[in-house]
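Before I ask anything, let me first share the structure, which is written out below as structure tokens.
Chains here go by letter, A, B, C and D, matching the order in which they are written, and residues are numbered from 1 within each.
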């Protein structure tokens, strides 16, 4: 029997890989939950694309200030020591390589780290990209958080993305409900799996070549 | 004496004509110049090109402008939202042209216009469909896409306080696109919660110097209006 | 007998062409004197390349603040309503076309408005350019203030600059001790002359084709 | 707890090695990080590339660094001044390489590095000897020169106040190159007149957010030291 990570466990797992002092951007949706698992005693700097650094938790109901929101347009707070700035400076932070880690959701990630997370490419859908492409190529490390399989059972970790790309060779880690992967120029390797899953199982589920992770040398250069 | 303050929203819209390109600040609820947009709708002109991060939510702001049929083209990063039904309908009916721009390219292209650059090589979008047909170049081992500046005839932005020289300060994340749009438009029109006497704004904390602002109009924040 | 304008008169003449509301950058040296002749009751905004707008006069001796200086590194003051900003924003103002008028000194200006003011090109001299090239091409109008003739009697208004260029087709007006010129794509024309000077005299002194100024249509487009 | 403050100028220089590229803020007397430069000289390393607006005046700061023979190359806009004799002598003797850059191109190239652009088309210098050999392009009827970003290993800057997260505010025209150099260097070292407790700096008026600063060292201003 396989013990899937639930969403909280996935978020906690990502949080455990974020060191003190890191400048981090959490994408909208699932990645936002990572904030709930960052230890309060660690100084970790959350950046939001709409112009704030040092983002704090949501305010209590009734105390929202709708001029203090995050990229997902939810009311947030500012930690002591935080700051505000304009969009030019905000994206300079991302694109200039000043953000250590961004955590994004994904439709697909390739074993070489190509990311598809902005558009299904289906006819009739209206595309929207926001800051995803900027974050994907700008952050020093891009982590992806997603369920490994679609509802139809297809692997979202793929040899080659079939959805329109967000960025090339940009993802280094993938945190899923079944396993944590390192991806990059040497392909995909498995850092850990949930109890009850074997590497062979995982190869069958994903259909991609997978090796055992042998340390950071295999991760993104 | 130079006094850039104007006393009515109608006067603030002076000169905006059919076919104008108009930047509109704001990100979500923060910094959205709703009253300026209402005044633009009241002006009854069309064929506008709008440059803004989103394509409108619900029934107000850019959504109302689109609903009124005034927008020929929109340049934005994130048009599709849960309540962007006016944009969605216009887009599906082929009544509005969409130029989808990654948010950082949008910001950088607006900044480039304000700073007088002819073009920039940006890292974002390389290898994606949003860079199709665009010139690319490998520089120092990394791939870039050539992007052109985005200029506009007008910018409508919302700030916190302003003075008669057009100096502006903002409030929290309502700052967002305001400062760079002010730099990139020929005529920048700012709605502010309060016009203060010249000298009240500390020269160290002015975010947008008056050189980038042509008109300032005082609009009491909605929460004040509601309790007035 | 020819009544040359002295330096104060030249500065006053330039000042009289600066309208209320103009954003103006005055170059170091002679152009700095223009500030002395701007009427106090007019709001004219002086920008200095090192990050201030709304520059005021020099402070009284003993009250200098050496963190409040102009491009010439002299102590200045800030007018009420002025602001400070960084070099990126300061040169964005210039290069983005936000400065209405800049006033620069020159070694030579061509009848089409080419400017040479940064380097004599002589062997052994050390070049320095500062912000001259940015101002010359960035301001909406570039005015030059200079003596018309060198000490050797050569005209500094020329058909083609022989000194290294600062910018091409950038100057629209030249204010000298003998005359005020409009220059641009249609060549040079004379706006006014000092008493005692004729157009023919001026043609002989300069050796360049000169017409009478017939209004703004002839000035820079 | 993250604390970027360091307690000595010597510690602030940690890691700077032979051959490093070092941006140095300041314009004239304003914003010149003299004490950091003195500490760099004391470190006794050479072959440096210096990026700074000027090439030093008199006997202190960049002039002293050049006098001590530590500078292989300088990238600046205005080396020649009445009292730039140490630069002049080194240049004439062929002991120092000069890359002369128009001041606005210097600022824009530093900003481009900080913002992650691969290159920019700038209007300044077109048709002049400073653009010789550089790619040019006519865009929308105007001529531009292609310029590359200027990155650096270190930036030494002077600010007014800082906190343990590296947030900075500046004072008057001492701001100049500080904010953009902080963005463009791998390691930014700021000397400040005062390190204040976290939270003392208003988030609306912080000019350089701490993300751009790696070390902060408190150096009492000379006028305080003189009266102490």
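The rule we apply is simple: a residue touches a chain if its C-beta (ideal position, glycine included) is under 8 Å from a C-beta of that chain, and two chains touch if they have at least 3 such contacts.
Just so you know, these numbers come straight off a predicted model, no measurement behind them.
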| item | value |
| --- | --- |
| Those chains which touch chain C and also touch chain B | D |
| Interface with more contacting C-beta pairs, comparing A-D to C-D | C-D |
| Chain A-chain D separation of Cα centroids, rounded to whole Å | 35 |
| Intercentroid distance (Cα basis), chain B paired with chain A, Å | 29 |
| Chain A and chain C: spacing of chain centres that average the CA atoms, whole Å | 55 |
| Chain C, residues touching no fewer than two other chains | 52, 78, 84-85, 88, 91, 94-95, 138 |
| Chain B: positions in contact with at least two other chains | 108, 111, 115-117, 122-123, 170-172, 204 |
| Chain-level touch network, classified as line, ring, star, complete or other | other |
| Touching chain combinations (by label order) | A-B, A-D, B-C, B-D, C-D |
| Chain A - residues contacting chain B, complex | 48-52, 65-69, 73, 78, 84-88, 90-91, 94-95, 119, 124-134, 137-138, 164-168 |
| Chain A contact footprint on chain B (complex, rising order) | 27-31, 77-81, 84, 87-88, 91-92, 98, 100-105, 107-108, 110-111, 122-130, 143, 170-180, 207 |
| Sites on chain A touched by chain D in the complex | 20-21, 23, 41, 43, 45, 47, 52-54, 78, 80-85, 88-89, 91-99, 138 |
| Contact set on chain B toward chain D in their complex | 108, 112, 115-123, 137, 139-140, 142, 144, 148, 169-172, 202, 204-205 |
| Residue ranges of chain B touching chain C (in the complex, touch as defined) | 1-2, 111, 113-117, 163-165, 167, 183-184, 198-199, 201, 203-204, 206, 209-212 |
